[in-house]
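Here chain A shows up in two complexes: once beside chain B, once beside chain C.
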Partner chain A sequence: MNDPLLKMRGVHVSLPLRDGAVAALNDVSLTVGPGEVLGLVGESGGGKSMLARAVAGLLPDGASLSGALDVDGRNIMESAEEDLTLHRGGGAAMCFQNPRSALSPTRRVGRQLVDRLVRWRGMAPDAAWPAARERLAEVGIREPERRLRAFPHELSGGMCQRVMIALALACKPRILLADEPTTGLDPTLTKDILGLFRDAAEREGCAVIIISHDVASIAAACDRIAVLYAGTLVEDGPARAVVDAPLHPYTRSLVAAVPHIDGRLSIPLAGSMPRLGAPPAACPFADRCVLVEERCRNELPDFAAMADGRAVRCFHAGEVGSSVATETAAHHGVAGGDGAPIVELVDVEVRYASQFGRRGPRTLRGVSMTLAPRETLGVVGESGCGKSTLARVIMGLVRPTAGKAVVGGVDYRKAGRGDIRRLRRDIQMVFQDPVDSLNPRMTVERNVRDPLRNAREPLADIDERIDRVLGQMGLGSEFRRLRPHRLSGGQAQRVALARALVVEPRVIVFDEPTSALDVTVQAQILDLLRDLMAHGTRSYVFVSHDLATVRGLCDRVAVLYLGRIVEQGPADEVLMRPRHPYTRALVDAVPTLSGRRTAAATRLKRDLDEAWEAAGCALEPRCPHAEAACGEPQTLRDLTPGHQVACWKAEHISAEALND
Partner chain B sequence: MLAPVLVGVSIFCFLLIRVLPGDPVLAIVPETATPEDIERTRARYGLDRPLPEQYGAYMAGVIRGDFGDSIRTGRPVVEQIGERLPRTLELVALGFLLSLGASIVLGLFAALHAGRLGDHVSRVTALVANSLPEFWLGLVLILVFFAILDIAPGPTGRIATGIDYEIITGSLIVDSIFTGNPRALVSALHHLVLPVLTLAVIVVAPMMRSVRASALEVMRSDSYRCALAHGLGAKTLLFGYVLRETMVRVPVLAALVLGNLIGGSVLVETVFSWQGFGQWALRGLLLRDYPVIQAYVLVTASFYVVAFLVADIVQAALDPRIRV
Partner chain C sequence: MALAGRLRMPPGRTLWHRRRPRAAIGGHLIMSGSLLLAIVILGAVLAPLLSPWGPEEIDFSAFLAPPSAAHPLGTDGNGMDLWSRVLYAARIDVGIAIAAVALAVVSGSLVGGLVGYVGGWIDEVAMRLTDIVQAFPAFILALTVSAMFGSGLFNLTVAIGLIFAPAYVRIMRSEIRALRGRGFVEAAECAGNSRVSILFRHLFPNALTPVLVIAPLNCGWAMLTLAGLSFLGLGVPIPQAEWGAMISAGAADVVGGRWWTSIFPGAALFVSVFGFNLIGEGFLDRSKSG
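Showing the complex of A and B:
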């Protein structure tokens, strides 16, 4: 085997903070060879980013580093500051998390790319421009000529991520680091982006490290996976083996926390990661481990090498077989559908006014749907398909420019201020970013109390009600006095849930409530939601691009594409036997731990932002099954009772898929 | 934008100066004047009519470009503005440009050396300069550079006596260049050095602090960290990734400073016998010369509006995210 490009031996990183030192990395030993893709996973705060920053030579001021860290045979820890500037970029280049803010907002994309080509590939500025165009094309950007002249804010999130990768690769790095490159992207894009890292490893022969909290989303793209817990490496091995048969209980929990498209429930891992002040003397995972015994609390297990190039830090490595629980969602069928629908949309159209008052493009066009009491409806689709707008229409935050929206018997077109205020008691919303959605100046208690004041509730039992909903969300009374910035993402989302629940609404609308959270925290929240949905009498709308979560929670699913519903029906039906090519593509793009892919997986031909307005079927420009007859507009038609699809070819495509 | 602001400002100012104690008529009539004389004079300037009527007549004039006649001198206000405003604009424009340039350089320097000696020295110096009274600073500069070193002209106006020059715009620099008069140009520039320096020193501190804060914010941003992590050279980083983003936040404060300068140049003009716009307005104010004060306020207000308009345009040009 080739010499490894990255070689870490016993690396420790410690950060001095105001309230004491933090041992951010403890005795980390890791190698990555040329052309190899390593996935680095674990919960937030586990030291993943710190490891990346150590490798990139970007540790924060005051951090102390010890051990051996060799990049391409050179020890960068002994390097002088001048050598470090050579290392940054050329030695290790980082793709930053949230590429939109990591690209310079006032410099054209092409210039940023040329800067790097000139610096690292010794090109003359003139010669670098054609090269820059090729590099953009390589990362899958169509019309690179036009995009070179674009500013970052003119690009979509997916395109920014592609540009970010092109920038990092332009540095000709020996090691390419990617910090959460796909978090927040929808599954179709995630797959493409991860493919780019594979390509880079093969084409440029560099070592690639992909950091993610979601082991399932990156597993298929990685050769090896390393798991960090509290700054300590707990498992390292071939990707397939680590995912299929995790040896460490923590890895097992991470894998089990991933919701599954086949309906298997995610299993939350209780507790939270400890913050270590010094390198651990005992197993850091002991407090959350199901296999814990006396020895785990007193001794730190070695990072022991196992067969097949695996290594694990646990006394009980592999003791419990690879069996992860296989309980499947059981609540389906609870849904009534009895009684008048609580939400009814008829031919809703929304156009946001553009600047100067001109009417912008239609975000929703002709959307009709109903929500029955006690029903949970999932709304899925790629980013930019109108999911959030639909949620806002239901909330009455956006008024439809045409069509009718009736919620709880109130028609938004005719509703006065008083009606809307009364409606706020019946319908509540939970947002994607929990910390942002709470008022930072108010304590948790005030945040939860506010909707009650707005609803003009009697004051008498308010305290008890607040206590009750906080308790229901697993938050003790010690949280009441805290302000949102002191909360973790998961705790903040619990508070947001409590705030929605406190007025006892009849409908709760969730807009991507878990996509900003770690997988393990996500599993905890989903557990809470499942409890709520199983026992309550409420209806829910669950907007998400995470199909596996939707499958586990929802009774019915509506699939949105460019502001239209292209398929809707029972969740099991739609997600297990998708009929519309768009739904098929979404389902096929969902990362699966087993890596199983049907041979006839549907792949869309273009990114969403490169699709154009088609006269007939909206998907036609991207659809792999498109033919001349698709030039006709498609409307929803019943396939089976309750299952509608807007594609004339639905039956043919299913037959084709079966024949393959 | 300009029109509603000016109407509001003019009404407010019109009422306010008439509420102030003091009477312009008493200031100009001789001490021996009889009450009838006083009334006659009052009527001559239309000051005996009801306020709304006075205001209407005044604004009707303003729309035609007639700001009335000065009560004290009897000369048309427009004529006097045309004579004095260019002098002050010349002074203020140069002072502003000098302080803008200095604050960008110093602010970036301070940000690049944040927390180190250079940063502290430049910040403290700017703060001290900012807290000096401008008339005092002007006098000290005159003392040092004229009285002791004798390398600057004395505070005797805008140009050395005995130099012929032709007035076209009222700005000596512009006029002497137009008429090809190098002697006048050199002398005018020479006389400008100390007052411009005084103005610039006074206002450099707030702008420099804003540039420094803005640059530090940019240097803490993800985008800068990314450029740094990709190992770009120091020059590329500064000019490609820091400068423009830093400048995005500067125009609004610069417009405020510029607006303040036009109104705040009175003391510097007085110290250097500049005979400028501010000095003229101050004398008008002391004698309750209503048309002069009103004209001054209107001109200053339009200046602010235009300065902020320009600031918005500059900001939009600097920041691609803003679409005009």
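Showing the complex of A and C:
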């Protein structure tokens, strides 16, 4: 019936690098039909982006490609350069990972969009402007007239991605490629953006390929999923089937690495992907595979077709069961309350000075919270809600402009620099960008030694301590001499963890410690954290926008919205039975492997950057349940002992359990 | 495979392709520059061995004599041997250039690093002061210094150092300000470092690269400045051997066909400045590829 729009048969791509060639794609065969959404998943370096570039005719200089690559029935490898220009855009249009840098910074959004409509859809310039407005509205941009006149830097990241999609669709492409379109976006936005691709496929009848390392979000948005490992396609099939019953051990590991909001633990996959110099002669996954046997190391399995339109490249395809281990998080059950709190914030307000020395907007407004010894507190909320500022206040890196912040008996508002420095012995922090958080001029050893040096420990013990923490983080002594730029993200984060642990602090603050890492590496780091937290001798603050991880790790959760805590309480209680509409929206946006959750989901009416300063409840402009009474300011009140919420309507909005 | 060549990325995008190994080219430049300078410095150090004449010794039998066996490069109007003067002059020229730039690097980066880290009004005041210093033409500044403190090698060094210091203040300040927001600085604060320790142990080592890249280039400029000042009579006192002064003294002789009095010091100056510039370019290449 429908001819496929993209047909790849035995495509190989190899790149010459200074230190030898890299086989970036090996024998890739793939078809995508009109209106179909294909998700392409795998770890970084697996060749996902290379596949997209091959399809778009944007391979790097010197790359050689062989095999058959047909787009809409035409072999683009035989096209002349002029035809390729037509192909990029009309044939295959691309949405890049960092939308802001992919948009031309000096030209207004409207101009860029109108240009494309004129060029690719043959519209008259006069007619193109209203059409551009419609196109922006289609991708969920409110007030399109105003946004058309905006420059890219005036838009938020999410809005830039929407514009990017509108631009790509304006070319009337047969294939729409999206390279990690939602990496770095909040779950609330991710869901919306992925939804746009689905709409586009249905409306325009084009084929869509979404590249992502986030299996969970992809599962809900795609018809089919293809899994790439070391440039080799290892599995391809209907999205639901692939996620529910993965056939290839690698797919199984990817699925198992996804943290789940019901508290299921993510199971890390050890090791790392090999870099192939030539197309593999044996199964490239053999070294990391649990089912490996002699044959896997000597022969490359065929990409064999299975029932229900599935295909897999594994000798053991039948043997891999469909069940994904379901171990549930064992909380250490120390829900605070024992002993005096180690961190106490009372009505903390933070205002950063604006550029011209005036007092800027408040990033924290009246935040009060406590952290008990041996307790793990999760702090969640969208980007820009003050989570990182809160972490920095606890660390004493940012001084509150009003209110009281007492940590380990030291009142930050009264303490001198010396007092705060002495406190560093007791409280440490792990940052979001692991490589950036290590001094590039210092070796791993000196980076880890730094806090010890300042704590003035007795010297004899120091080397053993460094060895011990590095070992605990799974880093051998060969890492001691390396500089940070030689480390991968996961290794760098292990070093940063070792640095935080080496002084044996009483509190560690994590600021999104895994959001810059690949899925499987994320799972490895989370595994380390879980081991650490299981010992239960320390308190942790865990800042994250990944609710599933917070649910798996934390005792208590505080939900932050625009600098205010809108709900806080036990993690199970808050995340499984959220009361505040904001928490509900966050929870509903969490991607789940178990399928699309559509019933009674709370969706906010606007993106965060479109909200305005409300006189009453801060969420009012976005809240789907808002009514006149919400014009009154809301304060935290006890719902049940230990569970507080800042919404008068909390009881009226029916509390439904989510783990259905 | 033959078709594959057509699928190319536009030039300039190097997402996947490793950059050309520029470090190797930089190494080449550094090597040749160092070789040139080594020859000049060796000549300066071994001058007493390489020439029987002292730099200010007068041969009363040979005024303005063309190159000969006794005077390989000839003599100047005062009967002084040019070969030995060119050799001895390198001590002054290269010495002052390096000393002046070292002074500028140390003082400039210290001030720049400090005000960049502390910020606020001190930063503002320091930047306006560098604005003022940079607004003066270099020669006027050097003239002012020698008028105020007298001429002499030390004052000359300080004056030239003063000319170049503001550039280092600016470079260091902007580097430190850019680094201040980086994660490792916050991490250093969390590790319990004092502010002094953050500045000197964490920030400075990471900010030094651009300073070290332009220092050799500046040595070349400093040498030209010194020669220029001496040419104008503001530099090294006569009859001390210095290339700029020698070129100046010989300039009038060229008209009379006695080319050797200014050509040889000029060539020596050219070789040394070229050597410094090669090293500077080499470092620049290396820092870009690094």
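Descriptive notes on the structure:
Just so it is clear, the second predicted complex is superposed on the first by the 640 of 660 C-alpha atoms of A that agree within 3 Å, B and C clash if a C-alpha of one lies under 4 Å from a C-alpha of the other, contacts with A are read in each partner's own complex, and residues count from 1 in each chain.
Operating definition for what follows: a contact is a pair of C-beta atoms (placed from the backbone, for glycine too) under 8 Å apart; a residue touches a chain by one contact, two chains touch by 3 or more.
Note that the structure is predicted; figures quoted are calculated from it, not measured.
In the superposition on chain A, A:Ala168 contacts chain B only, with no contact to chain C.
In the superposed three-chain model, the partner touching more residues of chain A is C, compared with the other of chain B and chain C.
When both complexes are overlaid on chain A, the residue A:Leu58 reaches chain B and chain C alike.
Once the two complexes are overlaid on the shared chain, A:Ile225 sits clear of chain B and of chain C alike.
Judged by the touch definition given at the top, the superposed model places A:Val11 against neither chain B nor chain C.
Judged by the touch definition given at the top, the superposed model places A:Ala415 against neither chain B nor chain C. Of the two partner chains placed by the overlay, neither chain B nor chain C lies in contact with A:Leu38.
In the overlay built on the shared chain, the residue A:Arg111 is in contact with chain B alone; chain C does not reach it. Judged by the touch definition given at the top, the superposed model places A:Gly90 against chain B, while chain C stays out of reach. Counting contacts by the rule stated earlier, residues 58 of chain A appear in both its interface with chain B and its interface with chain C. Interface residues of chain C facing chain A in the complex, by the touch rule stated above, are 1, 3-9, 11, 13-18, 21, 182-184, 186-195, 197, 202, 205-206.
Listed in rising order, the residues of chain A touching chain C in the complex are 15, 17-18, 24, 50, 53-54, 57-66, 76-81, 84, 392, 395, 397, 417, 421-422, 424-425, 428-429, 431-433, 436-441, 450-451, 454-455, 496, 499.
Put simply, chain B touches chain A in their complex at residues 221-233, 236, 240-241, 244-245, 248, 318-321, 323. Within the complex, the chain A residues that touch chain B are 56, 58, 85-90, 93-94, 96, 98, 101-107, 111-112, 115-116, 119-120, 151, 153, 164, 167-168, 171, 355.
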